[in-house]
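Here is the structure we will look at.
Just so it is clear, A, B, C and D label the chains in written order, and each chain counts residues from 1 on its own.
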């Protein structure tokens, strides 16, 4: 940590500040005096130091971290890729391309089972589907809730596909006991109470990036889960909020190689939510594969025109079949492991 | 609601679509045919229509709402200002300027009581203080929790100031039973499960705007609380995320007059979080008063340099005393009711 | 164009407004009356109508365009892809992948000739190099100017590569007479006086998207050039400004398929400026190819550590050789025409 | 300047780098070795060092400036407020509130003279009006050009109000010879060639902040003008581009006190462009005064409904009269000098 002091600081003030730093933290402080300002360099484990605390000091002009504030999610301390393995043997992050597909919302047994069979035939290894739905309007369809989870289990029984579904509330955790991968949505990425509780589980968590969260904040939210003991975190880039209005969000494709460099966790991309437009799903999915994503999560609906939510970005099963063919061909061309 | 159809739509397709709209919703559909496209106008109560559902139709090019999607928060249906009155008689939204002040975090009985007395002397009518703290890092101080609530009650007993403090989790609601105003933080503005539960209470909710939420999304979150029956919502502008890095957030001062126009709910401003810099608190607080805010929520710490969180943006009691004098003088100059 | 009128408009006001619209413009106006508001639909050529003029009317609540405001750049009126052909036979937009490479700034004859030979050997078909440099600081190196153009011509003579270089001022146009492709930088995307003058030339213009320009604004700037008669415009996505600070800009990968759909003009991507980090160039270049870009413009420097500008994002010739191999292999895998 | 080196740097690499820094620049380098990385501190005049050059070095992890990169615009080196005095004695930046008012575009002699008289009666000290108009569409009204300048002179003759009007092109400078204050629009804030030429004049320049420019970039553009010898620069905050769509731009009210702290130049606010909505002009103007702005530039049109540009944000003369009364009253209440 580097601390730039204000130009007008006296030697006495600097000495007192240095003393207090060395007394309160397990660090050594190096000091050098410039023509305009004095700068301090803190050596040791600075991750316990609150950067806001330092900034608040009268004597401090600005502060710069040298170490990243996350540890368990940091590739520096864990150079090998994390591979998430499910009880059924499916893997995410092992060099293959994982395809997660299914409807935005579970609507009926027939709907979810039919879609599950179809996406499996097209090569998806995981089934997604929302039972509890975060909706901007209190008057919009909020999902089938517990019944939706039941229908997902039914679809899993029929197809063998592990299920991925979103949680919105700590008290629902028992309902998600036999869900294979629990999803945390963008709006809950900094619902720290939820993250803490999920950190106590032994189950993969698919953590979506918040609408305007930085890459570092996403990694800090992963750190919340991992700090509790659950290191099975899958990161998901799903578009960020910008001034551009043509798309619902702006896919931050750079986040894929950056997250892979900074962290050992698997990184997947959601081209459906990133754009909000079904015809953009294929080019964005291909771009994600090209940029090194470990997987894709794609919305598929057997009848997008009557979907109860997010129809505009859903593919039909036939469209998904084409997209799956193309992304798998691309993955192969990029030398990715293909089942 | 206005629906622009794709240029290539046939008459048969348009007729089928119009029929289905009139069958499924309580609306009448007007239709007019342009040289390039056909446009439909839906008349009636369109707030139950999911805009995503309409966008998903093959035949649809784009959709535009005419009615706002919020009702209970909408000034059109509730022209008079909502005034929040506490059991002790304090009011927010009655034309006076409400001052809410206190530390970011409650740290000790001595700290909170001392600050409470001091801000009361300076003219604050409400005491703020965090017991449960949302922190980006799992390793940062997370608040004194239940003990912090206890200390706030103690400070209220001593000073008579009603207390305002943040909730982060549904299961904590019983702990907040005798809190005077419950705050929902920016990161939880779209924690819809929490909003729904707060909608069942009969207690004022101070709802902060999310980091990158639109004005409409803030009103929709207020609508979540109000739809449950609790109409005592106070809106809070606290800065939004932009590309500018000098300040922590960018205060969207325009949000004040816009929210006052669109909604009847009181609007307050948080200049401390909006800037993250203590010397900016006064000019931003004055700007908020000038723009018509019903109140201000300001961080004050008796010892900002040793604050356990957000020290860089906290005022000392002496600084707050000056700011309070200046904002009250400004409120008076702007013809505001002064206690 | 669809115009929503204010709820309180009287029939007399509406009639007057409709009359004035039909008198002033070559349009017919359809009108329908809802429970809350009246809506007008304008049929005919509305591209001459100023949307601001309409919004300013007392009676108007909001306005929505149905037609895009650009015509010559619009694929609707020009369904086939535009292919730019240079006198030497090189093509951009014909289904192949065009590689434009070279240093940020031309620094010396030896530097530019050496890099030109090297990028040609690696498969680049065009040489880029800045002679006039837009720099944020007046104290930074501003380019070799006319001498830089001379050195680019020298490098072209040696290698046969057409040259691409940036113009910053109308009065420099004569200096650019034998430049093969003139580049308009992001900061000048809305320098309309410059665009107008370039519209009088018969020479390809590489138009970079502004730092915070929308896709529609980029197309409107292309329209400025095309309206003057020069239809040889190449669009370039080079990253937009967002709140994320890890990268210098955020590559908006979605812009590639969107621009290809809305317009017939070729679209290239600049992964060097989009990220500002050399190790991100390859994954972003691959993503651009996957998303359908017609070409790439990449910074290469024989000695990035001593580059006079933008060294941090430049590749060495050896690195570029690898990237060129990989992007060409990807282009082939995606079924692109390969020279 | 502080340079953090990569953890794996060897002593030999560090020594070579330090030597080269000391040889190439007029700086001394202090060095300290941490457990994870070595950090260098450069002492001396670092404003000539290109931060990109430093970042490009293999050995460098990251760089942080301590000194601001602007000098002539910097309050540190020029503690007293700059006061701009016009030949007629009018002042900007002397503690009074300057009101600049007039139409977006000059449309006719009658229009501009009538508005000039009216805004003068209401207390404006300067007349604004566009002769050359930057428009997004090549098909929109582009201003009366030289004739517009002539009409502005006419209005000045009648009223005595100095005129403020926008320049878009270097070759137009002679036409602006007797313009009192030359405006540089947001889209040209980084048209460095134009800035350089304006730097050679002896005439006040009103420099508007770019649509997505940082505060530092605005100051660097002021520095371009000042570096040429013209120190009469007036900074103008006019709203920045964000994700919020209710307003055309988002007024960054914090920019006012920040610019006043970092620089000695006068700062004015444009509430008309910042919001794009006429009813927001008053609350934003009041907020600007409260935050310490030296002046306001406001669009006024005698017939906004028939304005040829930007009608939606223009006030009528009657509305402006009210706004002027209210902002002057506010200025007085805030202890500002009142003519």
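Quick notes on this one:
Everything that follows uses one rule, which is that contacts are C-beta pairs under 8 Å (C-beta built on N, C-alpha and C of every residue); 3 or more make two chains touch, one makes a residue touch a chain.
Composition by chain, UniProt nomenclature: A, B, C, D = 3-deoxy-7-phosphoheptulonate synthase.
Note that the structure is a prediction, hence the values are computed from the model and not measured.
The most distant chain from subunit C is B, comparing centres defined as mean Cα coordinates. Interface comparison, A-D versus A-C: the higher number of contacting C-beta pairs is recorded for A-C. Centre-to-centre separation of subunit A and subunit B, using mean CA positions: 26 Å.
Subunit A and subunit D have centres, each the mean of its CA atoms, that are 39 Å apart.
Centroid to centroid, with C-alpha atoms defining each point, subunit A and subunit C lie 32 Å apart. Residue positions 212, 241-243, 245 of subunit A are each in touch with at least two other chains. By the touch criterion given at the top, residues 2, 4, 30, 32, 34-37, 39, 41-44, 61-62, 64, 66-67, 212, 241-243, 245 of subunit A touch subunit D in their complex. Note for the complex: subunit A touches subunit C at residues 212, 214-216, 240, 242-247, 250-254, 256-258, 261, 274-275, 279-280, 283-284, 286-292, 329-330, 333-334. Contact residues on subunit B toward subunit A in their complex (touch as defined above): 47-48, 50, 52-53, 55-58, 69, 134-141, 168-171, 187-188, 190-193, 196, 211-212, 217, 220, 223-224, 227-228, 241, 304-312, 314.
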